[in-house]
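Presented below are the structures under discussion, each in the form of structure tokens.
One chain, chain A, appears in both complexes that follow, with chain B as partner in the first and chain C in the second.
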Partner chain A sequence: MEIYQNLIEYFENTPTIIQVVWIMSCVFFASIVILTIYLKFLRSHLRKNEMTVAEYQKEYESDLIAYLYSGNEEEEISTEQQIIIDKLKNCSADKFKRRIIVSTLLRLRNEISGEMAESIQKLYFQTKLVDYALARLKSKKWHIIATAIRELRQLQVKEVYDEVIAFVIHPKKEIQKEVQLYLVTLFNFKGLEFLNIIETPLSEWNQIQLLEVLQRFDDQELPEITPWLRSTNDSVVIFALKLAKIYNQFEVKDTLLELLSHQNKNIRIDAINVLAQLQVIEAKNILKSKFNDLSKEEQYAFLKLLENLYEISDEAFLLENIINEDFEIKFATLKILKTLRC
Partner chain B sequence: MNASILEITVIIFNSLFFIFTIFAIASYTILAIISAFETVEYMKKNSFVNYNEILSSIISPSISIIAPAFNESLSIIENVRSLLSSHYANYDVIIVNDGSTDDSLEKLINAYNLVKIDFLINEKLPTKPIRNGVYKSINPAFEKLTVVDKENGGKADALNMGLNISKNSYVLCIDVDCLLLEDALQKMIKPFLEVSDEKIIATGGVLRVANSCSIKDGKLLDINLPKKMIERAQILEYLRAFLLGRMAWSRLNGLLVISGAFGMFDKKIVIEVGGYDTNTVGEDMELIVRMRKYMEEKKEKYRVGYIPDPLCWTEAPDTYKTLISQRNRWTRGTIETLRKHRKVGFNPKYGALGLLSYPYWFFFERLAPVIEVFGILYFIFLIVLDDVRWDYTFAFISAAYLFTVLFTILAIFSEELTYHQYKKKGTGIKLLITSFLEPFISHPFILYAAITGNVDYYLKKEKGWGKMIRRGFL
Partner chain C sequence: MSDVRKIVLAEDNSTLSLLLKFRLEKEGYNLLIAADGKQAIELIEQHDPELILTDIMMPFISGLEVISHVRNKLNKQTPIIVFSAAGQEEMVLKAFNLGANDFMGKPFSPNELVIRVKRLLR
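Let's turn to the complex of A and B:
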């Protein structure tokens, strides 16, 4: 008691600045004690959580496998399947368990195909998990909406098209990206219609992902891409150029030639690359006539084009450029000249 | 009269030290808060990213991994194997043998069936000349590998050679002894591809301490906490720097340094600014400052990205001698860079770079150790004068000590809530104990290294890089 009074007295008699320092020390000390105790709890919780997740995953996985193999031809849903559906439906009421069920479904969905994959999708509806995903679309938090769309895409739920398309011009780009992937994954090239309306840039990352999805389909019939090549959104033009290159769209040759005069340099370069692949001879003459007005990158791209389309009449042009100051131009020119003379 | 001058001097110094301490505590607190927001945002954004979709894509951008090697004979075969085991589709590996005097090159030739090839180098950046030549493998399994043997010119010179050799748009500059996780490339390239309204000029990654971890065939199998306190202290230091400090600077777009051991760059911009500076030991920081300065002067919107995922594991010094040598070099590198680009500091023309990042580095990285030593000397001076209030001293020291420990515990928390790499039972308590002991077991040596770094810099001692003794991974 006496010590306590002495401390109070000492504290009251010290200058304010020292009082502040002591208070700070006490706050720091208290924070350390609280965090130390919480850290112990947190680590135990994380470890326990990992074990629980693994246990549930194992349990749900065997339930799902049992569901897949307990069907029969007489009934739409067998008794054993109904028991599993009821169990999963009950478990889905719990957010933690629901997340594990969905991830198990997704993992299994990716490992199997054909009728079994369809059964997984059916189960997604039967267990009402789809309703939870739809409810998440109404969330105010962007990442919850994005994960819901992703889940609907991965489980191939085409029925919610109207609900998902509402987010196609959402201000958050992560949501937009998920919507785009949903559309393309589920509706193939038809899903690319969002390109007609997007005003925000389509990032390179999104473009790669979309093209990867498109290439997985058996039906590789590309729709008319000219409107996209003429889009006012430069990223849409760049994406359409990638489509033209991958799917050898010789039909859009004239639009591609128009793009050689586009105000965006990257579009001009990509257009040259596509024309090079399609071996459009007209491009060579246009570009050769204005070679010195082109940017360095366009010049490099043009020389790549020339590698495939050179003719004897190009010799004078090539000879002119073997003394070019730029190493890469000089090197490319010599390479073409060497092939020309061999 | 003399007494009053002394009193006034003492008051002025007391006030200056106090103000510096308050600013330091405030800045660390603000950085911790910002990093918390950024970490939450990052985890949300990346929780549902499917990196696999970009792995095999034929249109994914091409990346060159450039790894300079000098006398790495002991571990070079394993290290190159780790670099070749990335899951990314479109990449190659360029090993620049920087005039090694050991049998590194012979070992590489034998292990990877290398043969000398004709290679025309476009010397966009000046470097020391090629010694034996450029090698490629005749084994298709190692077709991604290129080995360049050149005369010794130091790490920066070797990296510049790699930049000349690379034909790809992006380069990942890495220390050859680092262990790169298989998904590192797609995570590091992501910022370059996903941002469309500004230019990403570089991306920095996190370095984790690999000491005591078990590694086999270039793969990280098990994460362990090292036994030595000096190694554990560095784990905490790395957690603080990467998960709290750099995470916050990334949010502010004020990152001034990307670790030389692990950073990805837009090659075109690196070449445009002239590549790595061969006249500094802090070439990693210097390059970033120069690239930022270049972008500011061009008035182009840009960003230096940052990936907090544990993607690159490195061997940290396990003796005080090596630690001091490493930190001495870091100090000299910082001084050289800040001095070279002093025009940037406190200059509104350079925006956040001039008014935020540079001043922070100047006061809290460059000057902090000097002020700390000066404070110790001043304290001794006050003891001599018998002008010390020990109760006040105790108050200040306890506040400073407790804040340091608290900040470290916050870094541990950040790690637990995000990546939770040290899962084993008992590790948490060991990290906590280390956070209490770190100010005594590691800080004095780091302070000593910083001071000798200052002395060496101002006395123009030619110290170069120093030697890191590698134990190799377990």
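Let's turn to the complex of A and C:
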């Protein structure tokens, strides 16, 4: 009691600044104690949660494998399968369990193909998990809609095309991206029809992802890309140019030549690069005639094109440019001239 | 001594491991599952399997290191089938250079895997 009294006296007699420092020290100390207790609680909660997830995952994994191996040829759904379907259907009512079930299905669906992959998709329908994904499409939160579309894509649910296509012009880019991937993954080149309607820019990353998905398919027959090359959305034109380059679309060369006069410089440069790959000789004459009006980047791209398409008649043009003040142009010109004369 | 042929499967996806265990055990093989490369090496050293199935990307020790360990350290010619995901073509080439016998790109058909396993263990 005396110590306590002395402490209060000491505190009252100290200068204000020291009192403030003492108060702050006590507050910080209390905060550290509270935070330590909270972190300990949070950690144990997370560990417990992790263990619960692992337990359920193990259980659902076994159920899934049992479902896949308990089918028979006589019945569409065997008795054992029906028991598993009912169990998973009941568990799906709980959001926490539903998430684990879906992740278990996806973990296997992404790794296998053939009959078993189809059976997993069938189970997704039989357990009514697809209905939960569809209900999430009606959410007001964009990330819930985006994850629902991703889930439908990963489980290859083509049947909900109408519900998903409704989000193709959604203001959130993340949702748009998921819709585009859904369409291309499930409907191959036919899914690219969204290019006719999108008004927002298609990001570079998004274009790479779409091209990566398209290259996985066996059927590499590209539809008519001319409307996309003429799109008013510049990013669609750039994407169509990439398609023309990858799939060697020589039949669209007239449209590509038109793009040499496009108002967007990046499109003009990409068009030159595609024409160079397709070795369209007409492009050389057009570009040569207006070489001095081109931007530096277009001039470099043109000289790259000329490296493969030079003719003896180009010698005068090349000689004219060996005295160009731009070193890169001078160097490229000399390089072509050297090849021409060898 | 059991006549059952032992196969070590190194795969970090537990659902896929379980599925393959069911499928291959149905065919009469004894499947030993490793969740990462480190466990796989331990199992290989302990059990001397007749076939190794390994994923490329795994925690701690990759599938490539497992192949290298089997071929260069243990000096064993055990057949090895490698699983690879899309975009890992370079890794597959490295796996073949290290001594892998076959590869399967994910997603793959478990039935096709059984055929390849049977062919290698013939």
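We adopt the following convention: the second predicted complex is superposed on the first by the 306 of 342 C-alpha atoms of A that agree within 3 Å, B and C clash if a C-alpha of one lies under 4 Å from a C-alpha of the other, contacts with A are read in each partner's own complex, and residues count from 1 in each chain.
The rule is simple: contacts are C-beta pairs under 8 Å (C-beta built on N, C-alpha and C of every residue); 3 or more make two chains touch, one makes a residue touch a chain.
If you're wondering where the values come from, they're calculated on a predicted model, not measured in any experiment.
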| item | value |
| --- | --- |
| Partner chain in contact with A:169 - chain B first, chain C second, else both or neither | neither |
| Partner chain(s) touched by A:111 [first = chain B, second = chain C, both, neither] | second |
| Dominant contact partner of chain A by residue count, chain C or chain B | B |
| Which superposed partner A:340 touches (first chain B, second chain C, both, neither) | neither |
| Which of chain B and chain C A:65 touches, first, second, both or neither | second |
| Contacts of A:216 with chain B and chain C, given as first, second, both or neither | second |
| Shared contact residues on chain A - chain B and chain C | 212 |
| Complex interface listing, chain A residues touching chain B | 10, 14, 17-18, 21-22, 24-25, 28-29, 31-32, 35-36, 39-40, 42-43, 46-47, 50, 143, 146-147, 150, 174, 178, 201-209, 211-213, 235, 242, 246, 327-328, 331 |
| Touch list for chain A against partner chain C, complex | 57-58, 61-62, 64-65, 68-69, 104, 107-117, 212, 216 |
| In the complex with chain A, residue positions of chain C that touch it | 13-16, 18-19, 22, 26, 86-87, 106-112 |
| Interface residues, chain B side, partner chain A - complex | 18, 44-45, 47-48, 50, 53-54, 56-57, 59-61, 120, 122-124, 190, 192-197, 391-392, 395-396, 398-399, 402-403, 405-406, 409-410, 412-413, 416-417, 420, 423, 425, 428-429, 432 |
